[in-house]
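Below are two complexes that have chain A in common, paired first with chain B and then with chain C.
After this line comes the complex of A and B, so read on.
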């Protein structure tokens, strides 16, 4: 196969630039977090673990990392559960209502994050539910934005699932629930895990919805980094970023082992 | 299912039909998600829309029943605001174009890379970049593009320029930031479409005497149109609704719609007016998505 030679040289050259646009800023964050000076300058001043230490002793960044982790974990659990249930219904029923519902569940992706955050904040304040600037209120916002990713991932797997497998189990005497649990759930479990990982990443990196929902004593990692970048711009934020980058790259590698990434994204 | 079966096959048929019919009784599975979406998505967004039709009073949030178009009239008659709409639109249009110019070649390379290991590696690079927290990526860009940043530092150090180039805290910086964020979405919209174009079509054009460039522009590019449309409009919708990029890369000097929303709410406390700008933003991006959907259906002949 002469596959690679078939690609025009111009395309290869521009691809390199595109990959640089995508990856150089990430590399710069890692360098900034490991650099010895007060600010990453050219020429660099050498490497040190100074900012990593600063991150590990900064109560603001550590508690923000903790808040982000808890919010991402809990909202992932909730949206994976309700999203998987909804996906099963969406792939097993027919009719105009079902296709309406499928579009409806994707709406939070279309709605600008700032608008959703603002809408929720106004709703919390005016409805007297006591949710404004609370952990629960923040969690609800994250469930709304992460749920579409779970539904899309699990739906993609269920559409490709051969139902005759479940029917075979039924014909051998299994109850509908047992057949579902032992056959279908086993087959789609990797897609559910992938959906959960996506939900986690989306929640962990979520900034725009959080903007109106967080409070000074309830800051997520992106909002803490944002505040630090707008007012101080210290490499501690970059050191915090290194830990977030590690988490994301690790989960992407795990996801690529769980599901065929292309099936979800190339539709 | 229509074939005449033996007795044992007939026995199998019954539970299968029962299972198939079960689909209708599964509605309760969608109830928790639907309830959460109605209470915490439909109602809040609807009340925000309602609020935008209330008279703007600083510090008052409650929804009243006296509706007026004042906020919208103000948006469309004050230069600050309608210029922000136009700025939002043209910045997003430039970002869509730039994202296409950089994204198409990368998508083409990924689509034509058959080696599974290399293909997965490229996909992971694109997806990791996409999934990574936007604020972190903007930090990297700011370190690169700032007046004391790496690029200006290098240019000053080598004596190529005597003044730092204005790469950030202006429209250019916002565009670079948005291209960085939207590029993966463009690439992912294109890979599938490019992969589906059969290589023999291009080969046939070449065999009939077309040059490589002619074959690309008359065969490959037209067949990629559904993906190009999908990608550019998705990128447009993402760019027009981004707050974090104009806030950080524009340093509050590039006043696009999301910045105005935040300013009205957080600094002036005029919730109704902020809500009205949010409605204008949402409607603009919905129109973009609706056009995209129609165009995608038309160009792909009903396959989406």
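After this line comes the complex of A and C, so read on.
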């Protein structure tokens, strides 16, 4: 890695400015949530914890927050598992359909969320699987959306993975599965964690697909915020935003404790 | 420790033969090199012995066991890769302990054997280091220690020195050879570097286009090459276009500029047949005071000073040959344009059919 002192001043300035611009919305949401006035305005009319309290006592927001958290957690677990396995298949198989499959797996990223949501909705209500407006149906939608993020990060790590490490393990006496578990999985573990963080964040903030799959008793935080903004222009939504930001930051911090985040971004 | 039999070993990739029916016997405790140019099938052969490549046909026998269809982990073979393949997520001690842990050895035995192995490769005190904290030479030693600690029957090395700089390569060459001698482990060493093969091996198998074209001791390979390819691949050779004068085998002559020149050669030659005459530059002697049976008139074209050697380009019967002469005090020097007499020992020349 380059010494920090070698980075030209212009680059430092540009990245500092970009960072500031990227952080503006966060600041706006936080300040709007701490507004003392009756309506969502910016700049806020004085600061208070009024809307934070409103959020913490709103059963709609709290349950939406819980639903979002559970959906994000479960879909992350599922898509991390499936995505890792898919990435292994995509990088190791020499079949003729692999490049086609690779594009196919990435489709949910390029496809507009509304299209995917609509497709799933139509499928759920017309088929007799009983998935419409259920947690399972919602989870399936989120797994489809988050899986490509895991596949992309894990594939990148596997492409750079040196197969001779696995072979060395084999000739030292490891079965194919043991070699995979003790060597390959360990070496790509930081990429898997990075994929999982992506999946969690994407799922937690997912809106378009969710819009079609949620029901009044099964609302995620983004759709609850949207509904609240449509009918009452209250700062509660912004207060909820503060808690959403807090959760994402917290999940990053926790993961960085568990795995070495620095290594993820060094790749 | 065991010997290795390769029987008609063949690997074809979609019709392209990477290894075409190799028969080899590698004796117990032998240091055997597979030497050949890039793409001739050395690595494929080695990887078939290791079990990473499934042969298309043929057999691999190690000791008394037919291992042809055994997976790598059941073959009891140690392999060192070109890039050493040190596990990056483990420190040196854990790398070396890897095979022993899989074999479920008791903890204190593992610790003792790791310490011993590190001492053996001269890396005591490196237990806690990670791959990124090791130089290429150190990684190589760790890779060797990791393999040797499991006491495999056979050691396979695929171009282990090619990633090192020249001086380290020289040092490691002798170090690996000494270690192999001390352990007496049957070793197959893949290289495209003739120097490595000549200095380290008990025997060399020269490969060309998916086949082993000659097997022999370094001396046999260097001094009695059986094909033109072997001569030119190993060391430098003068190759002259000549025709058969008389005879064949060990009692034959070829004609250079109309002069009959005795040499060794293959059987079943007919007079007048075009062949190549091969002589190493260090065997070509110059000067009127020489007493070699072959004596021919030549002209000096140029002289190149190379420190311990002086290299002459000569014109002999219209063809260019190179002669190397020790730069000793008292040795006469020849200027370009000088007519000289050149010669060589017929036992040091070889007629080969192109």
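One rule holds in what follows: the second predicted complex is superposed on the first by the 219 of 267 C-alpha atoms of A that agree within 3 Å, B and C clash if a C-alpha of one lies under 4 Å from a C-alpha of the other, contacts with A are read in each partner's own complex, and residues count from 1 in each chain.
The rule is simple: contacts are C-beta pairs under 8 Å (C-beta built on N, C-alpha and C of every residue); 3 or more make two chains touch, one makes a residue touch a chain.
These figures come from a predicted structure and were not determined experimentally.
Once the two complexes are laid over each other on the shared chain, residue contacts for A:187 go to chain C alone; chain B is not touched. By the touch criterion defined above, A:10 reaches chain B but does not reach chain C. Comparing chain B with chain C, more residues of chain A are touched by B. Applying the stated contact rule after C-alpha superposition, one finds that A:171 touches each of chain B and chain C. Of the two partner chains placed by the overlay, only chain C lies in contact with A:162; chain B stays clear of it. Of the two partner chains placed by superposition, A:36 touches none, neither chain B nor chain C. Touch criterion met: A:207 reaches chain B, while chain C stays clear of it.
167, 170-171, 176 are the residues of chain A that lie in the contact sets of both chain B and chain C, per the superposition on chain A. Within the complex formed with chain C, the residues of chain A that make contact are 162, 164-165, 167-176, 178, 182-183, 186-187.
Residues 11-12, 15-16, 19, 22-24, 26-27, 29-30, 32-34, 36-37, 40-41, 43-45, 47-48, 51, 61-63, 101-103, 105-106, 108-109, 112-115, 120, 123-129, 131-144, 148, 150, 153-154, 157, 179-180, 183-184, 187-188, 191-192, 195, 199, 212, 216, 237, 240-244, 247-248, 258, 261-262, 265, 271, 274-275, 278, 281-282, 285-286, 289 of chain B are the ones touching chain A in the complex.
Residues 1, 3-4, 6-8, 10-15, 17-19, 21-29, 32, 39-43, 81-83, 85-86, 88-90, 92-94, 101, 104-105, 107-108, 110-116, 118-120, 122-123, 125-126, 140-141, 143-144, 147, 151, 163, 166-167, 170-171, 176, 179, 198, 201-202, 204-205, 207-208, 211-212, 221-222, 225-226, 229-230, 233, 237-238, 241, 244-245, 248-249, 251-253, 256, 261-262, 265-267 of chain A touch chain B in their complex.
Touching chain A in their complex are the following residues of chain C: 50-52, 71-73, 75, 77-79, 81, 83, 85, 87-89, 98-99, 102-103, 143, 146-147, 150.
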